[in-house]
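Two complexes come next, and they have one chain in common, chain A, joined by chain B in the first and chain C in the second.
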Partner chain A sequence: MKEKVIEILEDLTGSSDLADNLDINLFDEGLLDSMATVQLLLELQSQCGVEVPVSEFERSEWDTPNKIIAKVESM
Partner chain B sequence: MINLQPYENPMYFVYLVIALLPIMIAMLRGKQLHWYQTIVSFAFLLLAFGGVKWHEGIALIGYIIFEVVLVGAYFHYRQRENQTWIFCSAVILAIIPLVIVKVTPAVYGHPSLIGFLGISYLTFKAVQMVMEIRDGAIKEFDPWLTLQFLLFFPTISSGPIDRYRRFKADYERVPNPQKYLQLLDKAVWYIFLGFLYKFLLAYVFGTLMLPYVSKMALSYGGISWWLVAYMYVYSMDLFFDFAGYSLFAVGISYLMGIETPMNFNRPFSAVNIKEFWNRWHMTLSFWFRDYIYMRLVFFIMKKKLMKNRIAIANVGYLTLFLIMGFWHGLTWYYIVYGLYHALAIILCDVWLRYKKKHKDKFPSNRFTKLLAIFITFNVVCFSFLIFSGFLDKLLFHNIILR
Partner chain C sequence: MNVIQRIDSWAQRDPQRVAYNYLGKENTYLELKNYSDSVAAAITNMDLPDKAPIIVYGGQEFEMIAVFLGIVKTGHAYIPIDSDSPSERLVTINRIAQPVACIAVEELPVELAGLPVVTPAKLKQLFSERVSFSAANQVKGSDVFYIIFTSGTTGVPKGVQISAQNLESFLAWMESDFGIKDESTFLSQPPYSFDLSVMDLYPALTRGGTLSVIPKKVTEDFRQLFSVLPQLKLNVWVSTPSFMDICLLEKSFDEEHYPQLQHFLFCGEELTHKTAQQLLQRFPHAAIYNTYGPTETTVAVTQVQITADLLAKYERLPIGKPKADTKVVVVDENLQEVAAGTAGEILIYGPSVSQGYLNNPAKTKQAFVKFNEQNAYRTGDLGEFDEAGQLLYKGRLDFQVKLHGFRIELEEVDYHLGKVGLVEQAACVPKYGMDHKVSQLVAFVVAKHNEFKNNLELTKAIKEQLATLSMPYMIPQRFVYVDSLPLTTNGKVDRKHLFSEVNH
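Take a look at the complex of A and B:
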């Protein structure tokens, strides 16, 4: 699951070294925006089978790769 | 009966602090005083919507019953079923009173009878609840708490727009004296900063300078340096007035143990228009981002209505800012203001993509950053000039004979 999430994120952000920066703040660094966030939610749905409604997306809980992985694994 | 508008004059704060004192003492001792808090809230709502404004008070009561019943009914429905058309109807019903209030003056030339101060902000809260109920994020319906949330008096007239689940957690939490002391500390700071903003700076820009530059710009007519001056003075007045008010609302919320989110975060230090909207009237722009933009983009992508990501984002921006423009009112300048910001963000995205592709070509240093802030600031001030309606007066209704 972890690899899959990282793969999705690398694909969305266009940066290939996220696996080494799991605590990087994706929003502050300008790697993710609202548009990419929606794509992330849709990819998680189609590739990982986790359904995340937009309401559950609280930015501060989803702003680093590590947090996203933890969220996905808890669902 | 007397009427007292929120944060209008220094005496309001004296009454407020006296009324909130028992709550503050209880909080410091780790206790809640919900019943007393309700009485204080009721009293201050009565002061704001009673007396000469009694008709607004009646409108507020009618509105609030309507919205609470609607949210409750949708909640009960959603526990059994989840049809899209019912959800859409609930959202439309929730915004109908606001639409009537916005359309009436444009059509009939007088304010609507069902209008009252703060109706927009209550509508944002109600729509938000309907959407989160649909998503299953709000798992129980508590009419009393919904009332407390919608009618939370420190923020009732102009926000900041809180979120139901966040508010609920704060409202129900047993206060921690240590933490409350920190909140008090911040509250005092915010309220005094608010005094500086609203009663000093906004007074200087709005009451002392603005009428003068306005008169000069109108008497020169057309494009003049006075018009440029008007643009900056108006922008400063708008910021300090609204940011000052927001600081009061947040500070007073803190006194009651509710951490209402901040509305402004040094907006004029933004390096581009996108960042500006993450710093200016934040609770409104985040509301639009979360409940309109992201949901629309999600819908378009999921249903595969469009393929091109850039085009989808642009459709999202246009929709968001046009709705924001209409929300401000049905006049050409509010709608142009919305379009202008949509266009600015679309161009900003074009530029950011270009920069990302040609990373090595552009220097990035203190000078380029200052230049970016300067450009953003001017783009924003120009948008406020449109927003102010002054151009309408200058171009189409300038009655000063030359």
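Take a look at the complex of A and C:
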């Protein structure tokens, strides 16, 4: 699952360095914005089968690759 | 009655009616009239040259629309500049537009040399005073009502001048063709520097409606967005399809939870079949419209209602049929009309076509031409009429793209990239998704020698510098570092080659 999430994130952000920077803040670094977040949630749904309730989406809980991986693995 | 008189008349008919709802802070039509009269009286006292434009700087607060109205009541045109804009853009627009004053609803981030400024403090004081003002010199006919700046190919934005009669033509169509009732509550989501905002602002206010605002900070925080949205009791939805894509993520965004929501109007970018179909499933009884039009022809000029039949017939949705007072023709490179079923450039003429770009005769001459003795606008959009008379959108003739509704000239992005100290040379291209829509801007950069540990750090530094030069929506999402850019045989950057690298 971890590899899959990293793959999705690398594809979305166009950055191939994410696997080595799992604690990087994706929003502060300008790698994700709200439209990219929509894409991320749709990809997680179609590729990982994870349904994220968007009305509970708190950006601070999803702002690094590690946090996203942990979230996905807990769902 | 003209636009201004119609809005003011609601202050008499129903003074306590709510005109503006900003996250629960409500302002009435009476306040709108009083505030705008105060601003108009203050502008009159400034003794400015007749009809010259005035910059309005701020976000989405009520004071913005009161200031717009105050300005047009004195015969001046307003130029909305969003507080999201970098200082550089304010300075550039100030240089191009040569305004005679600036009304700062929010604190200006930079000094505009020699320009009289009404500060937020002064404005607050004005709003606390009650003056009577008779709008004898208000904007009318071919006088310019507002000027909206759009992206320009040389890196210099162009100011599209929209006159009172352009706006009247647009409003008449909004009233006749969409079945929207008086006193409706409209979603007000785009910033005022984006002309999509005109699609909710004046249709709502001239008909006693309420503007329910979702400011940018709320759109970006999904949790807050979906706690605010159900409280707005919206009747009419106006947004880009991209914003709808966010809302459709929420399963409870449907007819059952939003029973008052009966109209949806989309503009600014392509409405995909997928988005339209999903929305119609959620709101089977709502009237959903796709519309199309460039800023230069006042917001939009064609519309089509999205029905199950239409979705079944078209894989890629049409952009509709022109409004009654306007002609849309498809022409070849010699401006000769082509037959239905043949693609060509979309050309628009009629009463909502702008008189041209402010202080830019060269660009005006390129884009505005005489056609059948009338002032026509060459859109640069490729289109084609089908046998049913529906206009189909086929892409662009140049390097303009739409990203989430924002209009961007790729050359302008290149221009700003080139000004970044870390960049030797750069060019950007759009990456398209599966649905004909741009999903990202990708910058190919030849970087100068630098000490950054990795490309992530370099990209962050470049983005930070870009943020001081260009609008946030023009900053590429993706950076690719290369040793050199591919060139065409005549020595220009080969954008097509770069394009094929990101779009397979």
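Everything below uses one rule, namely that the second predicted complex is superposed on the first by the 75 of 75 C-alpha atoms of A that agree within 3 Å, B and C clash if a C-alpha of one lies under 4 Å from a C-alpha of the other, contacts with A are read in each partner's own complex, and residues count from 1 in each chain.
To be clear about the criterion, a contact is a pair of C-beta atoms (placed from the backbone, for glycine too) under 8 Å apart; a residue touches a chain by one contact, two chains touch by 3 or more.
Computed from a predicted structure; not experimentally measured.
> Residues of chain A touched: more by chain B or chain C?
Of chain B and chain C, more residues of chain A lie in contact with C.
> Which partner chains sit in contact with A:Ser34 here, chain B, chain C, both or neither? Use first/second/both/neither.
A:Ser34: touches chain B and chain C.
> Would you check which partner chain A:Gly49 touches, where first means chain B only, second means chain C only, and both and neither mean what they say?
neither
> Thinking of the overlay built on chain A, is A:Asn21 touched by chain B (first), by chain C (second), by both, or by neither?
second
> Return the residues of chain A at which the contacts from chain B and from chain C coincide.
In chain A, positions 14, 30, 33-35, 37-39, 41-42, 53-57 sit in both the chain B and chain C interfaces.
> Chain B touches which residues of chain A in the complex?
That would be residues 14, 30, 33-35, 37-39, 41-42, 53-57 of chain A.
> Spell out the residues on chain B that touch chain A in their complex, using ranges where they run on.
That would be residues 131-132, 135-137, 274, 289-290, 293-295, 297-298, 301-302, 309, 312-313, 316, 352, 356 of chain B.
> Touching chain C in the complex: which residues of chain A?
The touching residues are 13-15, 17, 21, 24, 29-31, 33-39, 41-42, 53-59.
> For chain C, which residues are in contact with chain A within the complex?
It comes out as residues 219-223, 226-227, 242, 245-246, 249-252, 404, 439-440, 442, 454-456, 459-460, 463, 475, 477-480.
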